[in-house]
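Chain nomenclature is as follows: A, B, C and D, assigned in order of appearance, with residue numbering initiated at 1 for each chain independently.
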Amino acid sequence: MTDISLNEARQVLQAAHEAALEAQTKMNIAVVDAGGNLKAFTRMDGAWLGSIDIAVKKARTARYFDMPTGDLGTLSQPGEPLFNIEVSNGGLITFPGGIPLLKDGVVVGAIGVSGSTVEDDHSVASAGAAAL
Amino acid sequence: MTDISLNEARQVLQAAHEAALEAQTKMNIAVVDAGGNLKAFTRMDGAWLGSIDIAVKKARTARYFDMPTGDLGTLSQPGEPLFNIEVSNGGLITFPGGIPLLKDGVVVGAIGVSGSTVEDDHSVASAGAAAL
Amino acid sequence: MTDISLNEARQVLQAAHEAALEAQTKMNIAVVDAGGNLKAFTRMDGAWLGSIDIAVKKARTARYFDMPTGDLGTLSQPGEPLFNIEVSNGGLITFPGGIPLLKDGVVVGAIGVSGSTVEDDHSVASAGAAAL
Amino acid sequence: MTDISLNEARQVLQAAHEAALEAQTKMNIAVVDAGGNLKAFTRMDGAWLGSIDIAVKKARTARYFDMPTGDLGTLSQPGEPLFNIEVSNGGLITFPGGIPLLKDGVVVGAIGVSGSTVEDDHSVASAGAAAL
């Protein structure tokens, strides 16, 4: 299994951080490795405390199913195929803001962002993912 | 209490594994015994990490209520009798992929499968259950 | 990160199982991958139910610190450097029975065995580890 | 409440990281704020997976009691006043490697380091704390 390096995780964090500043948001940003374990994390000054856990869970969720968290969320609504999947794995977050990190087409980890609207969260996470 | 033996659990796992290969899916497959405790588990290479816990929870859910997980899921929707039952028992999974295992008409355990669509998951679980 | 394959995990399980039969013990045997996530598990008929979680935690502990669990246990005694490390990581098991799995000198996972004396557990885990 | 800023947390992380490199160790390094909540985290390539949680718990423990974790550890031994305090707060770590972070004599957070001997962990944490 190919894994993300700390240098790569930092590039991802840095790109996400810059995107958050540009969008004038205060974000929690987490990066997990290929095994779903925390690799790097940063919380901007004034960012929501409740978003620490959400950022980490978004990153883990994105890696656990190798898809953006928002995609999983459309499937977990009432009446949809994966209703209440969120109770598994110690808690999943299935709204946007978590995105797999790919290197040469292989998933090597994931980024999770939380602290603003889910649109902002997803946009900042995308900026981070694009840095790899 | 009549219980599943390890040999039987292995037959169930093997049949499910073969069905998963035939369907070209990558599955996590769990078998629990009559007490709802893990008996055997296998994760195919490249299968989702988040499906480890879901496969185990599907198997446990199917044994806890002696019905396919999908049947429970129709009852746990908003407005239905068992709304949000998923938060009990340390987390239940109520979408398809968990099926009780019967021997001479008695439930001796359950199988849980996770890694693809719920239709595939259910189909692979059924193949496993049929092996007993 | 090099990871263990399902075929390799099965060889490890099989070798441990045979060693357990030879020692006339009833074991729970778990194999985790390089990320510490469950890969394969088997519980022999009549093995302790309480050893399911212990076998999994032993495997995870061995991978989390890349050393046999018993080595960690000598360091976690009262007055020793790592006293009560067991409360971390959702629960660690630091008595013998967990051993890292190496391939070409690289840790690719770990095996955890529980169901008898810690000497037996360690011996069976060693037989499993030697199969890789 | 005077709190640590992200810039300050980064200085602490950076100083600890450099000390870890100099000591040829592979560390998990966590910084929490005045509220005991995670502010920044980094895991060096190849560092123990089990040390992620321990680094965070060391930082939190140091801030929860405003003392180095090792000091608390002498009080939590069998027969001592705080025996088994480790089971509180979701798990405390009371061996060396966690140190409060002070600014103008006020505790504004804490650093936790895990990945080597407790002497190395404490030394690297001290280098981080000195950067503030």
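The definition used in the following text is that a contact is a pair of C-beta atoms (placed from the backbone, for glycine too) under 8 Å apart; a residue touches a chain by one contact, two chains touch by 3 or more.
Chain identities (UniProt): A, B, C, D = Glycolate utilization protein.
On a predicted model such as this, the values are computed, not experimentally measured, just so you know.
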Pair exhibiting more inter-chain C-beta contacts, A-C or A-D: A-D
Rounded Å distance, chain A (Glycolate utilization protein) centre to chain D (Glycolate utilization protein) centre (Cα mean): 25
Distance between chain centroids, defined by C-alpha means - chain A (Glycolate utilization protein), chain B (Glycolate utilization protein) (Å): 29
Interchain centroid distance [CA atoms averaged], chain A (Glycolate utilization protein)/chain C (Glycolate utilization protein), Å: 31
Two or more partner chains touched - positions in chain B (Glycolate utilization protein): 49
Touch-based graph of the chains, sorted into line, ring, star, complete or other: other
Touching chain combinations (by label order): A-B, A-C, A-D, B-C, C-D
Chain A (Glycolate utilization protein) - residues contacting chain D (Glycolate utilization protein), complex: 5-6, 10, 33, 35, 37-45, 49, 52
Residues of chain A (Glycolate utilization protein) touching chain B (Glycolate utilization protein) in the complex: 35-36, 61, 63-66, 78-79, 81-85, 87-90, 92
Chain A (Glycolate utilization protein)-touching residues of chain C (Glycolate utilization protein), taken from the complex the two chains share: 1-3, 33-37
Chain D (Glycolate utilization protein) to chain C (Glycolate utilization protein) touching residues, read off their complex: 48-51, 53-54, 57, 73, 76-78, 84, 86-87, 91-96, 117-118
